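Below are two complexes that have chain A in common, paired first with chain B and then with chain C.
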Partner chain A sequence: MSTKTQNNHAWWLVLPVVLLVAFNAVIPLMTVVNYSVQETFGDNVFFFEGVRWFQDILASERFHDALGRQFLFTAIILAIEIPLGVIIALCMPRKGVWVSVCLVLMSLPLLIPWNVVGAMWNIFALPDIGLLGKTLNALGFDYNYTREPMDAWFTVIAMDVWHWTSLVALLAYAGLTSIPDAYFQAARIDGASAWSVFRYIQLPKMKRVLTIAILLRFMDSFMIYTEPFVLTGGGPGNTTTFLSIDLVKMALGQFDLGPAAAMSIIYFLIILLVSWVFYTVTMRNED
Partner chain B sequence: MRSFKWLVPTVYIVFLMLPIYWLLNMSFKTTNEILGSFTLWPQTFTLENYQTIFSSSEWLGGYANSLQYVVLNTVLSVAVALPAAYAFSRYRFLGDKHLFFWLLTNRMAPPAVFALPFIQLYSAVGLFDTPWAVAIAHCLFNIPLAVWILEGFMSGVPKELDETAYIDGYSFPRFFTRIFIPTITAGIGVTMFFCFMFSWVELLLAKSLTSVNAKPIAAVMTKTASSSGYELGLLAAAGSLTLIPGAIVIWFVRNYIAKGFALGRV
Partner chain C sequence: MAGIHLKDVRHSYLAKPTRDEDFALKKVNMEWEDGGAYALLGSSGCGKTTMLNLISGLLNPSEGQILFDGADMTNASTEARNIAQVFQFPVVYDTMTVRQNLEFPLRNRGVPASEIQQRVSNIADMLDLTERLDTRAAGLTADGKQKISLGRGLVRSDVNAILFDEPLTVIDPHLKWQLRSKLKELHEQFGATMIYVTHDQTEALTFADQVVVMHDGMVVQTGTPVELFEKPLHTFVGNFIGSPGMNVLSGTQQDDRVVFGGEVIDSGSWKAHLPESGEFEIGIRPEFVTFSEQGIPARIETVHDIGRLRIVTVTANEQPVKMVLAEGVPLPSDSVHISFKPEKTGLFVDGWLRQQGASA
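Here is the complex of A and B:
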């Protein structure tokens, strides 16, 4: 790209962004750090507790379980959505009216408010009056997502695949359409197989966008709250209680400010760490 | 083999449409039919659910509130992100890389972490329960995203454009508003789409920061679901109506959407 000029006056241009984001990020983060080292019994009286809450959270089984479920969930949806999105992008038409039709219809789930996504799948999966639940039961499966943990997991994962695979597909499609036709013509002349076209032309060209896709899907699935909360409420039992659901329960439900704040910080650090490691590793391989 | 390729997107789109169809189907049924029988399409077609929504000020107010903070947030995010993205795409300055990464870390912050501190912060500054509170709170994740996308689009504009304009005697503000912004309208459109999208679909913060006056449609729906038993038809109708703004917005940006998803970097 073009070379940038050194100019510290550019700070004036970024100042509004910095102020607005700092207002939103720094002050609340300070509040969280503040709570995480104190104990309160109400009436705004606080006692310094040091790192006790952090030790408690890191040792608590409840946190380990939620964290385990969170990693399992994120791993499963990434393993499904990334390959599926790439396959769909590879099969999408390249030109004509169908491109617009595909893009518009596929984007639709992305623009549905998250609680409506939850409510929609709730109605869709009800064992007695939902299309999915009724069909599965008619096919001989004993399906009931409000009672069976496995069914609840299946439904939450199906919902997430429904909700977000389009994002991966659209990103991959954007990467694919940027490949000049000459590449494919050259490959055809050389008699390259479909697999080698994919492996040596299409996949390398999609690497950048797939990095973005994996990062976005990792971050967002790790923060998932509204959809499973509306669909299953974290149940049956605690089997679909992911980190955010657990955190909100602790902070706004039980008002355990100290532990909730400590958990917030650990939670945020995990996301930052994984994103940073993933980003540096993929970018290093690129050079 | 090759000729069957269209099957994959077709099957996928059918899979996408099934839950949406079921939602629409439910919204046109009477409560009796929903609870009493399993029917693939409404046997007694009714608009009653929609009439309930359109005759209730609470429901309509919910939609109005949601659209209000979404529009405020979109305008605010894009307005402040434009100069910042220009600075990141054109200049090197003290701490620029660190600043950029810090902005992105805010996109990684789980809203659940911020819900409680936000309630306290916005109560302290007197914005609690106003559309402004939600609009500004959503800037937390929308501004980093807007800067990121716009920076991608701006880096694609050759620097010669700026240099020629300055030689021709344009001042920075005049160049920026008269020449630069018109050349990246596609990028701005895509950015607005993304800001609209993420503000429109977010619920946790929107619900936490409002109580009565600025309650978003999502919160009205949750209340209906829990207070008046389980009015599935009404809920389905309300849900169906929330699909409309998104569908309209998609239609406008359909030609840029793929590029926007790649954050202008393809």
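Here is the complex of A and C:
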């Protein structure tokens, strides 16, 4: 016969975690869910609307456009930052004093507050006084990011690449330096070319850190707000209005709390879904 | 295939070595004959792996020359030297299948496809990998992965030499025997020079025709297993080869003679070799120490029965002396005396053998 004492008091030990999770995630999220099914005209008076806001958002052309711009932006910066970060990591020295110098220089952009990055590039790219803008115009390009959508996109992308490629490079570098020497020795014995070494040793060994890098850059760039807001304010027109800028316009500019809440939830689910699909697909062959 | 000659080779991992201790490999002159099966034996950190990496070209020596059949290869690339090397821990290309792993070194050298296929299937057969040829290499156990590493070395049949750096460390004991005899078989079949690094003397003695013993960055002795046993040139060889190792005892010099425990060990032939400092050692293997009617007075301390033999430790001249006794030989009861077989007794100065076979 079992002499084990049944004592459920231990459940109380979980309480602090439950409270923490509740206040930091569940309750705020539920507030949003609450708003997303109601309409308000102020005075704290709410009317139940069911799934109407969700239907509206999903059918709205404005949302489709912002979502399209968002995917395009994220795809472009991933296509630039990931290969560029890997190339930089491959070029970085493995030992000696230059390692620390490189690491510090690489980390600098990551330490600058996001709105400062936006402000820096705003001035840097001004066609009349900014170093970049003035140089481009002097070289004969008709460059004006406040007027031309293509120029605005170019500037936003250049800014993001400048700000975040270091993160990819540092992660890739960490992955590269953790590869044991024996692999490179064996590759030399096997007569492998530099490309083979990259393709069959370095790239597979970097797979995990690169997965993390892609996920982080995907999530961050998909939620990008501060830098383009400070740089272009979503313009010219709506050409650099990404999802979060649009969301803030809707929630605070128009005070449409219901549709904004519904949009937040859809936005959140898209990020969750893409991240999950990506992670599952890349990791399906791992042991 | 080629004979490999290391000429006055020294190697240091430091940029500017100054003292002798800075060198991982100290002044090595070594001739590896074409087609020989060598074991490179020594304790951890004695320079075995450095020696292999110098031969294969993974390292370039700080000083000296490396010749292949007389041709200078000192600064030649790993590729040009055409040497296969198998490392202590398995290295596999994770994203490739077992077959692609085995094909890899051949493909890199542009071997025709039909030949690749034939060699890979031969090697896979030999290593019992045939059934797993088309599975991903990453999924194999450590055993399996090391077999792939071995296979990538052995699949190249035209190499100048195959170097094994303790390749069976991660392999199960029962497989070890099997693989080692297969390596031996391969050696007889292809006749490539094989150098097998190990710190396990059984492994060395069963694999090799010639055993090279390294100690502290130097090659201390090269010879057949019997030579190493009967005439160790250095106390390290005496200790490292044989179980238990050689007794290294300190005696005293009295005029022309060398005396241990009141008995004359040498009556004059060693005199010319004795250093002025008077510091020397007497080396005698436990197998050549016997009980006798007269001789060095001793006291029995412990007796270990290890099956067909007994290891007896006695104290003589206030020093422990080990001896090996066959089963059934009676132990003397009261007054114990031991004696050393004169022609197997050696004089060692600074660790090196100066004279053996003292005249009685």
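One rule holds in what follows: the second predicted complex is superposed on the first by the 267 of 287 C-alpha atoms of A that agree within 3 Å, B and C clash if a C-alpha of one lies under 4 Å from a C-alpha of the other, contacts with A are read in each partner's own complex, and residues count from 1 in each chain.
The rule we apply is simple: a contact is a pair of C-beta atoms (placed from the backbone, for glycine too) under 8 Å apart; a residue touches a chain by one contact, two chains touch by 3 or more.
Computed from a predicted structure; not experimentally measured.
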item: Clash or fit (per the criteria above) of chain B with chain C on chain A; value: fit
item: Partner, of chain C and chain B, that touches more residues belonging to chain A; value: B
item: Apex chain A: angle to the C-alpha centres of chain B and chain C, given in degrees as a multiple of 10; value: 80
item: Which superposed partner A:162 touches (first chain B, second chain C, both, neither); value: first
item: Chain B versus chain C as contact partner of A:8, first or second or both or neither; value: first
item: Chain B versus chain C as contact partner of A:21, first or second or both or neither; value: first
item: Partner chain(s) touched by A:175 [first = chain B, second = chain C, both, neither]; value: first
item: Which of chain B and chain C A:124 touches, first, second, both or neither; value: first
item: Touching partner for A:111 - first (chain B), second (chain C), both, neither; value: first
item: Which of chain B and chain C A:264 touches, first, second, both or neither; value: first
item: First (chain B), second (chain C), both or neither touched by A:66; value: neither
item: Minimum Cα separation, chain C to chain B, after superposition on A (Å); value: 15
item: Contacting residues of chain A [partner chain B, same complex]; value: 1-2, 4-11, 13-14, 16-18, 20-21, 23-25, 27-29, 31-32, 87-88, 91-93, 98, 100, 102-116, 119-121, 123-124, 128-132, 134, 162, 165-167, 169-171, 173-175, 177-178, 208-209, 212, 219, 222-223, 225-226, 230, 243-244, 247-248, 251-252, 257, 260, 264, 267-268, 271-272, 275
item: Residue ranges of chain C in contact with chain A within the complex; value: 53, 56-58, 78-79, 83-85, 87, 89, 91, 93-96, 104-105, 108-109, 136, 138-139, 149, 152-153
item: Chain C contact footprint on chain A (complex, rising order); value: 180, 182-183, 185-186, 188-193, 196, 200-201, 204-205, 285, 287
item: Sites on chain B touched by chain A in the complex; value: 5-9, 12-13, 15-20, 22-23, 26, 34-35, 38, 40, 76, 80-81, 83-84, 86-94, 96, 99, 103, 105-118, 120-121, 136-137, 139-140, 143-144, 147, 155, 158-159, 197, 200-204, 208, 217-218, 221-222, 225, 232, 235-236, 239, 242-243, 245-247, 249-251, 254-255, 257-259, 261-263, 265-266
